[in-house]
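Heads up, the next two complexes both have chain A, just with different partners, chain B and then chain C.
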Partner chain A sequence: MRPETVIIVGAGPAGIRAAMVLAEHGIRPVVLDEAPMSGGQIFRRQPQGFTRSYAKLYGYEARRAEALHTAFDALGPRIDYRPGALVWNVEGRRLQVLRDGVNETLAFDRLLFATGAMDRVIPFPGWTTPGVYTLGGAQVALKHQACAIGRRVVFFGSSPLLPLVALQYAAAGVAVAGVFDTTPRRAKIAALPGVLAGGTTGLKGLSYLARLALKGIRYHHGITPVAAIGDRTVTGFAYLDAGGRQHETACDAVAFGYGIKSEWQLADLAGCRFAFDADTHQWRVETDAEGRSSVEGIYLAGDGARIAGADVAAETGERAARAILADTGGPDQGAALSTIARRLARHAGLRQAIDRAFPFPAHLAREIPDDCILCRCEAVRAGEFRAAIAALGPDEVNRAKAFSRVGMGRCQGRVCGPAAAEILATELGRPVSEAGRLRSQPPVKPIPIAAFQESKGDAA
Partner chain B sequence: MRTADVIVIGGGIHGCSTALECRRRGLSVILLEKDHVARHASGVNAGGVRRLNRHPDEIPLAMASAALWQSIKDLVGDNCGYRQTGQIRVAETEAGLEAIAARRALVEGLGYSHEQWIDRETLFGLVPAIARHCLGALYTADDGYADPSRTTRAFARRAAALGAEIISPCRAGIPVRTGDGWQVPTDRGPVSGAAVVNCAGAWGGAIAAGLGEPVPIEPVAPMMLVTARVPPFIAPVVASFDRMISFKQSPNGTVVIGGGWRGRAEPEANRALVEFGDLHRLIGNVLHLFPVMREARITRSWAGIEGMMPDGIPVISPSATAPGVVHAFGFSAHGFQLGPIGGRIVADLVETGKTALPIAPFSIERFQRASWREAS
Partner chain C sequence: MFRRRAQSDPGLPPVSIRFEGRTIAATGGETLAAALLAAGEEVFRASPVSGAPRGPFCLMGACFECLVEIDGMPGQQACMTIVRDGMDIRRDRIVEGEE
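Showing the complex of A and B:
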């Protein structure tokens, strides 16, 4: 029998662990990663020539990061690693990949999506002003490039990243103008028992708050963002406190975000079935207990399957790899899979507590002011979107997109989609899970036409 | 049971145009649409409002429709994004020039003058970005394009405002003869009418077959690409005699590229899939004709389901087997421009069984003739 071609998309914690397990069992997977170096977002490496220590780069996670990088590098020729590879389409059993400016088609038999996640935002007045970043973007600037987004920075939103990134900026010597959480204090308190029961990971999270306090940085609860102030660049942040009084804080940059959302566009193009996940308030690809999607031969792992962080991502990466081994006639994986299931069960409580401590504030999306830009690719304001809904009566988001151009631009609604769905759901008087899901269209990210000039045929 | 003079099956541009025209003549109308108005070919096509290079049998209809497009806002209450930017079909090789010569002889022989020869310098003046290997072109200055989804919805909206009942989603079955009228079963209960109009596009063949007159229709999925916005650099819509491409820049700056490249049509699953395997070649065509596009980025692609006839022209015809049924489907990926006149022709056929326009070439019976069967 011809050996099967296994392709892993993504080289973060999930993709790396999966590659390790497959390599151990004599399978040489192709590992495609959009980034120039392995590690994923959380364990992103610094550019060559940068010399910061692991401790400085990754804090509590330093040993884990170093272990992951070392393990991946040790795989060497046992995997076919192709960094800088943007997978932009799936058609049947083939991937279309842009690498070094050249387009390539790769055939696969088994495919693991370990595609991770991106920042989840809710547009607010002034969010397109220069100086406004996502929390993840602000963190990447610091971690990867050793750059801060400003000298005096406001951090706001509802995300486990919020205290962490604020603390990382403070540690780097940046003035933190304030940390503003949209979640009410009582929700944090309610989530506390779950966080405490979550072992060291939970305690680490709490320690971020303590360390912010030690640095004299105030953590505000239950705020409502009003606007990023400033014309050509951000000069301040206006918000309502928990009591409804408006304040302004001077700053030269703002980082905001509401957790992260799975990057599942490729799984969508592959025809995988989806379900709405109420806990994380977003769509996710349906999988069985071992990461198999509804499409034969296509598997998911990590945050691209369900938002649960790096530890769970590594476990689900191993789980999917073992499912692939089992499905390709390898030795029985029952014992290993049970062990993974037990370890994952220990994470479940903490994950639920984190989801509760940093809930997605859907009401902020529903209440985006009419004159605020909703879709920045197509420059459509929330009011124009609402007017299109009122005039034309779309019953789901793809119709609303056709009527308004919201989600038609270069990001295909990856940024504004969640907020647009909330607005539509409000106008329809339905839960957001019944407002539909934007269909992905290839290419999932813009592809330069020049890349097609020197296309390669099937290389795999 | 709901009853009307005319039951229209299909909420594409021809169904909606038929509903509008029937209402204008005082006939009551129920339109049945299985998804929503403009869901398939009528909503996602390239929007060409084109007489240039039409099949000779279609030219009289296209000329009559062009006159209606001139006052589209009066007809449907919206300008439909209609712009008369001109349409150009270039020759890139000697073979292309020969095709232009043959085309001119044909069209001028039929007594038409809407397709003008333009030489290289005139072409480069009209389309400065086009590659310099082009040798000349045919040009129809007052052709152009419109927004297909918006246009189809405008027809539906005006028809509804005049009293047409549009039921969607509502899937129609095969009409059944009852007395001197027709009953159409649907998934929302039957409706009845004196006349039935089949404007079901790619699904029209199933209805015709159910009425005992099968036709060799093929569901196809023409594909489109769109780029990120670029500064305005081209006004007319451009096609070529030498390669499959249609190319236009929208008012918002995006470039919309098509040309008949087909993806996968899955009419049973109600979807059409893009297949980039072939689109590589389309993109090669783009670069060949517009080198300036090297720097552009493709942001999205899509496909829609259309009914293609083997001779490339539609069925516009009273049924040969079912009195009171009129067919208008299988527009073979160029029915959009014919939308306004299509409704008038069908309304004529519903009212009187005939029309002033020459529709004999579009008869559904053409596929039954011995000459057709031998040829195929």
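Showing the complex of A and C:
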């Protein structure tokens, strides 16, 4: 049997664990990662030369982060690691990869997408003002760049990142103007038993709230964002409290988000089948119990497959690697796979409780004011989108995009897509799962035309 | 306003870049987005459609709001670019229909 070429896309917790398992079994995977440093978003490494300690950078997660980075470094030549590599298309059994300004075509036999996730947002008035960031972006600034997004920061949304990032900022000595959760207090209380049953991970989450309180930072429940105030930069945040009264708090930066969403554009181009995941309220790539997609030879792991956090990502990374070993005639993986399944089952209850404690507030998307920018790239307002729907009658999101330009810009709807789908579903009087899914287009991220003047690879 | 939390590591080389003709001191290893933001530059470009000021939003390479022109090459993601000494940066001036 000729040796198979296995490519892993993504070097976060899922991709790294998968690479480790494959390397242990004598397979030397190609690991392509868009970032210049391994670790993914959650365990993003500090730039070369920065010498902050793991404890300082990752807090509670220090040991896991260090273990991950050490394990990855120990792989050395046993993997073919290529950082700074943007995979921008999948055509049959070939990837188009842009690296250092040069395009390359890479053939594969097996492909694992460990492409991670990005922040999910809902537009609100003023959200395009410089100084408004995603929660994940605020965390990247702090962890990766040792920078704070502001001197006095408002954090809001509905996301497990909300208390965590606010606490990380407070611990770094930044003034936190307040933490504003859109989820009503009663939903938090209802989720509490599940969080408590989640063992140390659940307790750790609750401890963030306690530590915020100890630092005198108020955690507001059931708020509705009204606007980020300011013209060229943010000067305040206006919101309605749970009782519907409007308030304004001064700040020079805002971070917000509503959980995270899978980055699955490449799996879409590869032709993988999708399903709507009701728990996380988003589309995801369908996989079997071991991470195989509907396309033979293509596998998924981590948050790019289903949002569940770093611990689960590492487990599903190992699971997909073992599925690849089993599918390529390697030794039986039954015992190892059942161990992973048991460990994942322990995470499942807590994950459900977290999804309930931080639900996606679809009503905020439906209620975006008409004069609020919906699509940042194309600067289309929510009212213009609604008018296009009313006038032209699209029955799913791709037609709505063609009629309105919403989701047609550089980000391909990554940012505005979830909210646009909610608005369309509302206008159609259907659940959002029946409003369609924005199709991905190559290149999945913009690439310079100049890249093609210098091309290499087996099919170029 | 964005700001650095830590003093520069002694082992990191100081780097000098230019933004719209203004010289900015940065630290080797940091991203161009962080360097510009920490220097007080929050507006990276104007929306090519509306002309409204825009700056970095996701800081992880997904939203394309931090695009700048680096050494004459437009449309570069400042959050995914590590600063290099002597970089000459301008606000991105791509307008709709020119791409």
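Quick note on the criterion: the second predicted complex is superposed on the first by the 458 of 460 C-alpha atoms of A that agree within 3 Å, B and C clash if a C-alpha of one lies under 4 Å from a C-alpha of the other, contacts with A are read in each partner's own complex, and residues count from 1 in each chain.
Here is the rule we use: contacts are C-beta pairs under 8 Å (C-beta built on N, C-alpha and C of every residue); 3 or more make two chains touch, one makes a residue touch a chain.
On a predicted model such as this, the values are computed, not experimentally measured, just so you know.
Q: I'd like to know which partner A:226 touches here: chain B for first, chain C for second, both or neither.
A: Once the two structures are laid over each other on A, A:226 reaches no partner at all.
Q: Look at A:337 in the shared chain and tell me whether it touches chain B only, chain C only, both, or neither; answer first, second, both or neither.
A: After superposing on A, A:337 lies clear of both chain B and chain C.
Q: Figure out whether A:410 sits in contact with chain B (first) or chain C (second), or with both, or with neither.
A: The answer is both, since A:410 touches chain B and chain C.
Q: Give one of first, second, both or neither to describe whether A:141 is in contact with chain B, with chain C, with both, or with none.
A: second
Q: In the superposed arrangement, which partner chain does A:119 touch: chain B (first), chain C (second), both, or neither?
A: second
Q: With both complexes overlaid on chain A, does A:91 touch chain B (first), chain C (second), both or neither?
A: In the superposition, A:91 touches chain B alone.
Q: By residue count, which of the two partners contacts chain A more extensively, chain B or chain C?
A: More residues of chain A are touched by C.
Q: Touch check for A:446: first (chain B), second (chain C), both, or neither?
A: A:446 sits against chain B and chain C alike.
Q: A:206 contacts which: chain B (first), chain C (second), both, neither?
A: The answer is neither, since A:206 touches no partner chain.
Q: Go through the superposed model and pick first if A:47 touches only chain B, second if only chain C, both, or neither.
A: In the superposed model, A:47 contacts chain C only, not chain B.
Q: Check chain A for residues that touch chain B in one structure and chain C in the other, and list them.
A: 409-410, 446, 448, 450
Q: Can you tell me which positions in chain A touch chain B when the two form their complex?
A: 89, 91, 96, 103, 105, 392, 399, 402, 408-410, 412, 441-443, 446-450, 452-453, 455
Q: Applying the document's contact rule, which stretches of chain B touch chain A when the two form their complex?
A: Answer in residue numbers: 36, 43, 149, 153, 227-228, 273-277, 280, 283-284, 286-287, 293-302.
Q: In their complex, what parts of chain A are in touch with chain C?
A: 34-36, 41, 46-52, 118-119, 128-134, 136-138, 140-142, 144-151, 172-174, 232-233, 252-253, 263, 376-379, 409-411, 414-415, 445-446, 448, 450
Q: Taking the touch rule as given, give the residues of chain C at its contact with chain A in the complex, in rising order.
A: Those residues of chain C that touch chain A are 1-6, 9, 11-13, 28-31, 34, 37-38, 42-44, 47, 49-50, 52-65, 67, 73, 75, 80, 82.
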